[in-house]
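In what comes next, chain A is part of two complexes: it sits with chain B in the first one and with chain C in the second one.
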Partner chain A sequence: MSNTDLNVNRKSGWQRINIFKVNSIAPSLVIVFILMCAIFGGINPQFLSFVNFKTIISGLSVYGMMAVGLSFVVLTGNFDVSVGSVVGICSIVMAMMFNIEGVKIPIAVIILAGIALGAFVGAINGFLITVVGINSVITTLGTLAILRGVALLLANKPALINDKFYVSLGRGFIAKTIPYSFVYLIVIFVIAYLLLRFTKFGRNVYQVGSNSNAARLAGIPVKRTQFLTFVVAGITCGISAFLMTSQAAFAQGEFGTGFEFTILTIVVLGGISLAGGRGTLIGVAAGLLIINSIANGLTMIDVPVFWREAFNGIILIAAILIDSIRVRRRELLKA
Partner chain B sequence: MNDENSNNYLLEMKNITKNFPGVRALNDVSFYLKKGEILGLLGENGAGKSTLIKILSGDYSLEKGEIYIDGQSQVFLSPHESISAGIRVIYQELNSFDSLTVAENIFADNIIQNKLGIVSWKKMNQKSKEILRNLGSQIDPAEYVENLSVGGKQIVEIAKAIRRKAKILVMDEPTSALTERDVEHLYEIIRKLKSDGVSIIYISHRIEEIFEITDRVVVLRDSKKVGEKKTSDTNRSELVHMIVGRDLSEQYKRREIQKGNVVFEVKNLSYLDRLKDISFSVKEGEIVAFFGLLGSGTHTLFSVLFGDKKKTVGDVFIEGKKVDIEHPFTAKAFRLGYIPYDRKEEGIALGLNVKQNITSTNLENIGKGFMLDRNTENLHANSWFKKLNIKAPGIDTPSKSLSGGNQQKVVVAKWLEKDSKIFLMSEPTRGIDIGSKAEIYEIAEGLCSQGAAVLMVSGELPEILSVSDRVIVMKDGKVVKEFITKDTSQEELMHFATA
Partner chain C sequence: MDGKVLEKKKTSFRLTDTLILLIALIALVLIFSLIRREFFSYDNISTMLKNMVITGVLALGLTPLMIARGLDISFGASISFSGVLMAYLYNLGIGLPYCLIVGVAAAVLVGFLNGLLIEKFDLIPIILTLGMMSILSALALVMSEGRSLSMLTDQLYYFATRTFLKIPISLFVLIIFIIVFWFILTFTKTGRTIYIIGANPKVATLSGIKVQKVRILLYTFMGLVTGIASIVMVAMTGVGNPLAGAKMALPVLSAVVLGGISLAGGAGSVWGTVIGVLIVSVIFNGLSVLNVPSYFIQVFQGLALILIVSLYEVRNQRAARR
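Then we have the complex of A and B:
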């Protein structure tokens, strides 16, 4: 269950389920999810319909991919608030590549260019944070503003994408039930999971996040590892931008605005500790499902939009509270 | 005897029991403390000392048992209530505010203001000065705490407790980071406090200190009280016996090990103004101790040698070849291993398990390319886990649940895993129990007998004398003198370290 094999005390059944314990976040979240379904479904049975299930599944991917990327960054003890703007700039650049007069750029090139741009922006963040040594929140807050500015500058009006095939990549379904986008998400999750669990880079991410001093003194490339996590985050933003633009069939400078808020909520709710070094992607997947279902469910039961906004804030604070209680318990155990 | 009259007791803790998930940390422990008494609290790591103190300080809730202060039953729900009742704990890891001044620290919870609500610096500095001078300390109240030595910080903590009119002072391993001179100063302060009627609970691993300073001792083992004696009625071997529950040859006796060629040599090394012109060499099979008072540069030397700080000038030779170590990564490649001074901050990742810590130095050899081979990893980790006799359920056990001694073994295992040959050990037995200490020494010896070289910084002279082949005494960033261990004495080493 746990990505880092932390669960030695193999307790069975209910004993393991405690949201304040890192090892049992995923089971706890499953219970939260079931309760939530019961409440929403009780108020509006449509919530539990197959059509609505499809809606929820289709809506997971953009946030989900970004949450995977951000998880890497947070696991090393850093933070990236620029993710929304990175999606914005990648989207607009990709859409513009469709609109160059007299030139038809292959779709594969456009997609790869978008992802490469995301990786490049991630590399800039990573460089400023690891080599120059500026705090990650401050750095990415800066790039958040800069990139948003550039994106708005590039797109004074929405850039349309008139390419049926490209659009079908985002909107299509397998056998009319499973969205392509969901398949992409699963692929990304699996790759990221394997990366964290079965590669040296993945182990280094946990080492650095758990104790960066000890990691440095064990000869682990701390800065390189942190740098790479920002590149990973950038890549997932690029892929998300591809998905957003193909689903929308256009892009505008505002794409991705405010996403960092939701993504952070997903990551923290999923049990990736803000202190670094703790948490698994399985938890993040559960967090993603819950956040998306809540957004959907609140709409289904006709909660006014301003209450929905406020509710998101409450969930974020609750998630961070749970994280800090977990950290405190850990500190107690240290003694 | 009058002692049995509980009216004389300033503090009495009765039948204290405390459970943590899966562990009984304290089992029906009772003890008392009289006014102006210094009580030694002894026990191996994990014996229950810290838990007992944390219940007294209000950090842990009282599950079962009673606490009386001046005969009044007390329940401490928070550290604040405990402090109000006159109890003050000075922890091993000092909780001072480093970026504030001495006076601000002393008055941290009660800044002196004038009628307008403006901080009265003059009054605060003056009162702080009074308290400090009363303790026989010359520390300037306006100095920033970060500029003080560990010993100085400790005195500030004591001053803070005095200012709050603490009746009971708990000192947890107060000397673990102190040099012998600071220790002497601390003893003077403790005696002064005692004569002023303050009671002290003194926790230490160093039995010499118990005889030096305490009136009475309580020994805990395996969560229970196993002994209570007047210090004058007991002796070292009896206490050791009570602590470990078995006879332990008092001083560690080392084997003779064949020395080989010079493997590690340092010539004219300097680092900023903190290390000046240091030269020495170490042979295969040798244990060389570095001794110096705080600020002598011994710890800095090790972090420079390991490439964590970049040397300014000088040459380092490994097996005769000149090497340039600019980063721990390079050091590792040259088969250097480093056991840092601060285990929890630099030695071990407490959030990760035993296995992950052991293999952290050697990931490049576990699996091909960028893949991690989990079978190889388990194999490697398990082998060290068994060889070093690490006491834990298994290699998947979280490091944080290990005792200090076993954590230290994990740190050693990290470098064995990397096949290191030259070991830099900064206070390798700091804050660990007697049994684990001996095991660490045995490991160091075992390494030497296989041709490794061990460089060790230690502040404990008995340890240096019993473990090392040679001693290099440092002062103010310079090497003062080098000794063959068997030809020197504590007095001589101390003399050169302070001269």
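Then we have the complex of A and C:
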């Protein structure tokens, strides 16, 4: 564990990319994943079948994109609990744009509008948190309620989407094996990874998260960086909303309820420290795979639905306990 | 009134704060009663106050905890869980007092566990209690199989419906809590310890206060308060509902924050919280009397929370600049 003393500046650059060195939690996550596959596969061999693998892969995208966005926010030491509601409102607005009487809006415009709405909501969150200076949890708790309320008001009935092309964007497969949605997820992961690792913005995110005072003294625009992370989270929510609506072919006000919890679990399990400034998207990808496979596996071995929820809570608590122990060990190593 | 023991400057500062809130409360009551006569009727007011008991008790429990920089959002799920547990045991034929004791004990245990994990592992309170929330609500659903378990007893019915001097009996629970918390926070050494921890935990540690211990105690106390709120909930509804507390977090947090407690800790008072709870209840009840759809009320609550905190924040920043 000697590499826990990770210096972001020193490590950035192509030659430094090494999955097992960059994030010390990744190897343990891989072990957990293999163990899990063994257990679920042992109880129900169907779990390891190719069909089920395809199910897991196509289920990753909505959560995965949001987890990427939230990772940016958590890396700067903030939280966003409104992500589920942002997805809800973006979904319903996009679906409503399909249903305007007598007007046919191009699909690209609708998708862009949905993403822009997400970015706008993220900007509002960011404004309240950085400029007004309210605690991020309280702010996003407020926007969570507001956006959900508005989404439910807009959607007094499910808004159907009758557009074959739009639906195929979410449900289609490449060569009948790789879902389009998985491709989008990979693209977003790669973009976000490059953004965090090779741009000034990415480095600022880490610096602000590990020590915002030092970052300010070093001339890093702390508030602007934090603001932008919320916008990034909003954008990923918008994209998730696009994917959800196109996969479901309709939208309703409840879309995204309770997502914030799962997303937070993925991010924390993936090794993004809640103290900010530590963790990489590779860990998040592993966390995402584990959480989704667990959800899938528990269904496969017929665990009742309520127990599955309890399981999620236990995983979250275990993840933050591990995070805390890691932080403490790092401090011991420093001292 | 509330800060006599603290230094003079602070007292006047906080008093004006409470006064502003009081004026806002009176203005709200006036507006609602002008729009709708029914608002100011005995029936409506007593219903409102009865519904306020649970929010109020929880907000009071959160007050010292948040002053000492802790936070607990698992109380809603804890209420559901304890309620279901009590009803479950009651349906097994166990005597009422034992059911209530077990239910409260479960809530206390949850509070203690929250405190222990948060303090010993130095966790972020909101995240841990979020996890606890999901576990508890899932357990409540497992135990009740997703249904409401009925728990109709004469004693609880009496407690929920009778009035004394035209005041609902359940309201006395809240009044007792207000007096106890006010006394502890203003006149005892424990109260001052809590304020010191909130103002600066490091200084508190250096001056020999066992910060962790006090906070664990406060979390446990929050558990106790939650258990009692759960009894009130079961008494009022007559069922152990696994979703009873699902939407409690926002109104309670709004009330507490409205009453002047900041997440940064160290500030706040019992009277501020009481007025905060009253304002939240008046808004909720007033909008219901005006037949506003419940989604609007949710939007309104969120807006109110953000608006209030922004105002406090802007004013604090201005004060800091001076």
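Convention: the second predicted complex is superposed on the first by the 312 of 335 C-alpha atoms of A that agree within 3 Å, B and C clash if a C-alpha of one lies under 4 Å from a C-alpha of the other, contacts with A are read in each partner's own complex, and residues count from 1 in each chain.
Here is the rule we use: contacts are C-beta pairs under 8 Å (C-beta built on N, C-alpha and C of every residue); 3 or more make two chains touch, one makes a residue touch a chain.
Keep in mind the model is a prediction, meaning the values are calculated, not measured.
S.K.: On chain A, do chain B and chain C fit together or clash when superposed?
M.R.: Superposition result for chain B and chain C: clash.
S.K.: Now for A:213: first (chain B), second (chain C), both, or neither, which partner does it touch?
M.R.: A:213: touches chain B, not chain C.
S.K.: Should A:313 be classified as contacting the first partner (chain B), the second (chain C), both, or neither?
M.R.: Once the two structures are laid over each other on A, A:313 reaches chain C alone.
S.K.: Between chain B and chain C, whom does A:79 touch in the aligned arrangement: first, second, both, or neither?
M.R.: Second partner only.
S.K.: Looking at chain A, does chain B or chain C touch a larger number of its residues?
M.R.: Counting residues of chain A touched by each partner, the higher count goes to C.
S.K.: Answer with first, second, both or neither: which of chain B and chain C does A:149 touch in the superposed model?
M.R.: Once the two structures are laid over each other on A, A:149 reaches chain C alone.
S.K.: Using the superposition on chain A described above, determine whether A:278 touches chain B (first), chain C (second), both, or neither.
M.R.: first
S.K.: Tell me which partner A:261 touches in the superposition: chain B (first), chain C (second), both or neither.
M.R.: second
S.K.: Touch test for A:106: chain B only (first), chain C only (second), both, or neither?
M.R.: Neither partner.
S.K.: Is A:203 in contact with chain B, with chain C, with both, or with neither (first, second, both, neither)?
M.R.: first
S.K.: Among 201-209, 219-227, 291-299 or 309-317, indicate the stretch of chain C whose C-alpha atoms run into chain B.
M.R.: Of the stretches 201-209, 219-227, 291-299 or 309-317 of chain C, only 201-209 runs into chain B after superposition.
S.K.: Could you list which residues of chain A make contact with chain B in one structure and with chain C in the other?
M.R.: In chain A, nothing is touched by chain B and also by chain C.
S.K.: Inside the complex, what are the residues of chain B that reach chain A?
M.R.: Chain B residues touching chain A: 22, 50-51, 54, 59, 306, 308, 327-329, 331-333, 338, 340, 344-353, 355-357, 360-361, 363-364, 366-367, 370-372, 374, 393-394, 396-398, 400-401, 414, 418.
S.K.: Which chain C residues qualify as touching chain A in the complex?
M.R.: Listed in rising order, the residues are 117, 121-124, 126-128, 130-139, 141-142, 146, 249-250, 253, 257, 263-264, 293, 295-303, 305-306, 309-310, 313-314, 317.
S.K.: Once bound in the complex, which stretches of chain A touch chain C?
M.R.: 79, 128, 132-135, 137-139, 141-150, 152-153, 261, 264, 268, 274, 304, 306-314, 316-317, 320-321, 324-325, 327-328
S.K.: Within their complex, state which residues of chain A touch chain B.
M.R.: Against chain B, chain A makes touches at 4-6, 8-9, 198-204, 206-207, 209-211, 213-221, 277-278, 330, 333-335.
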